[in-house]
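Mind looking over this structure? Questions follow.
Every chain is named by a letter (A, B and C) in the order it is written, and numbering of its residues begins at 1.
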Amino acid sequence: MPNIYITSSCVINDHVVYKNNKKVFENKHANLPEFLLAAYDNLEIKYPKFYKMDNLSKLGWLAAENLLKENFIKENYKPDDVGIVLSNANSSLDADLKYLETVKDFPSPSLFVYTLPNIVIGEICIKNNFKGENAFFVFEQFDANFIKQYVSNLVINNILQTCICGWVDVIGENYKAALFLIEKNSNPNATDFTTENINNIYQQHNG
Amino acid sequence: MDKLIADLKKQIVDQLNLQDIKPEDIGDDEPLFVEGLGLDSIDALELIVLLQQHYKIKLESADDGPKVFRTVKTMAEYITAHQPKNV
Amino acid sequence: MNAEVYVAGVGIISAIGNNTAENLAALASEHAGMNEITYLDTFYRNKLPVAEVKLNNENLATLSGLSNNISRTALLSTIAAQEAINDAGIENFSSLRTGFISANSVGGMDKSENFFADFLADNKKGKLRNVINHECGSVTEITADKLGIKNYVSTISTACSSSANAIFFAARMIKHNMLDVVVAGGVDALTKFTLNGFNTLMILDQQYCKPFDENRKGLNLGEGAGYVVLVSERVAHSLKKEMYCRLSGYANANDAYHQTASSPDGTGSFLAMQNALKKSGLQPNDIDYINLHGTGTQNNDIAEGTAIARLFEGKYPKMSSTKSFTGHTLGACGGIEAAFSVLSIKHGIIYPNLRLQTPMKELPFVPEIKFLQNQKVNNVLSNSFGFGGNCSSLIFSKQ
């Protein structure tokens, strides 16, 4: 069985962005929308579509941008060799509720398009032109073992060469994102793609 | 008409979350879709909501969209021509 | 790794019937399931046609053996999944490693809507019981408990391709010898939420939908559930009955174009179909029937049609959109249409694409408009494409 590595990770939790376990951005005195906007500005990428996303897509998109920074995934892989497997507990409930609020007078089409959890995968794919297999699972809590097994299978069987996977969850002001970049080639930041390592990275920032 | 055009620009920026664009940056005759502001099909639907919300005008068919929403000026002309009489 | 995965049973509930036999009868008699809104309480009554399952929640509760204060989504799911298990006729079911992988996109939204209506009127009033089962996962748990499936339960939510994804995820678990039997597919109940939302997107036809017609105006929403029972080779050989067919290929790709619209040339659809063929080891001309995603929107049908024209260049299999019968059942459509595909192979039948009058001028082929019997149907391709660019194709093959 070939070795598979976590070559990059990004955790966003408690108003801090961590890349490979190092704090890269913090904005403690803000509500969630303000924090997400500040984290976007910090990236210094011009992508006006960001403003239109719901909080779940913004969070997942930001985590993916941080994850992919300096990793040259677009340059090193064909579009359909890059896949995304995400999970969360609250599906798109955050956007569902906001859309329902507008139904009373003028239902908003731009809110309705975010009332599915996998739209965040779509947003990451659109930004980076990733066309490989993608899936979104709803669990009560983060299941590192499931992610490890599911993604390993995709990579070992060459359905994908690289995969962005993990957890992106938002409900009101509560949120957490933990994304992992999985590749067959190691790099100086890499750790083995094991359940233990996934859990360590995920739990390290539960403060 | 000038006031209507200025109002519309502000409403468009608000409704479509164009946070990096100032209302005065939008040209009266600048195409809103694809090459100009780069709006997409969902934005078009939001503009339909905008017409209802602010001007009580109901665009009956989405097919009219491209014509009505070509520029801020065409929108203003459509609004003027279709203003409900009891408002 | 190269172990085969067989289909041992199917179960369907939709607007054209409460079980598989009723669905087949409606398909054969070309009887569509759209109607005025009857069961859903909404101001769109008499304005928009929908394809409702023709039973109220009390009747569904009786059929499923569940209480009628449970979400309609869970009731529909349980009825179709139970039919699929009964159909498979696996005597030692409880001694095998069993799984239930179900997809849905609305969860218990029907109940949550009632909660919010009451709650917004008076915030002491909403019944919390109604929101507890809101999230997509709990619908799956309720059904799995009722069916007695314990080893593995999972919920997939990738919009309208959800249940196709559930089916191929199930196949992988069997191939990897993690499970022996998996009931896989999906469910969605019609809700005000989705009706309103699709209406906001202006892609609902105010008449009965006309997939792949030049003058198509959009889709009709439907509801229902569809499941297949997938079994390992070992289980297949132990059963007394003949298997329906094999699940020989499957693939998923992202269109990477827009949140809700397909790219004009259907890149994602093309990749999904091409990779599913590759997986099954078949050539395009081995396919005898395509069950189209065919929603009836301008955008889907031209994107899907363009991708098919490119992949099957010059030699087109028979094809049709059975959404012209069931409406678009969202998270359930991949499951219902997988079941239709399996039945097409088993009975040698091709379903008609209803109300197709004027073929699309951009496409070099025309879907089938009549119900056909005594056909050679060895390989069927079933397409399911969803918002978020999520495109999936399944291929079923005669043994």
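Note that a contact is a pair of C-beta atoms (placed from the backbone, for glycine too) under 8 Å apart; a residue touches a chain by one contact, two chains touch by 3 or more.
Just so we're clear, the structure is a prediction, and the values are computed from it rather than from any experiment.
If the chains shown are joined wherever they touch, the resulting network links each chain directly to all the rest.
A count of contacting C-beta pairs for A-B and for A-C identifies A-C as the more extensively joined pair. Chain geometry summary: the mean Cα position of subunit B and that of subunit C are 38 Å apart.
Averaged Cα coordinates give subunit A a centre that lies 34 Å from the centre of subunit B. Distance between chain centres (mean CA atoms), subunit A to subunit C: 27 Å.
Residues of subunit C found to touch two or more other chains are 200-202, 258-260.
Residues of subunit B in contact with two or more other chains: 42, 45, 49. Residues of subunit A in contact with two or more other chains: 107-109, 113.
Taken in their complex, subunit A has these residues touching subunit C: 79-80, 83-84, 89-91, 93, 96, 99-100, 103-104, 107-109, 112-123, 125-126, 128-140, 153, 157. Taken in their complex, subunit C has these residues touching subunit A: 1, 105, 107, 109, 113, 116, 120, 134-137, 154-159, 165, 169, 172, 176, 192-193, 196-197, 199-202, 251-260, 267-268, 271, 275, 386-390.
Those residues of subunit B that touch subunit A in the complex are listed here as 16-21, 38, 42-43, 45-46, 49, 52-53. Of all residues in subunit B, only 40-42, 45, 48-49, 62 touch subunit C in the complex they form. Residues of subunit A that touch subunit B in their complex: 46, 48, 51-52, 105-110, 113.
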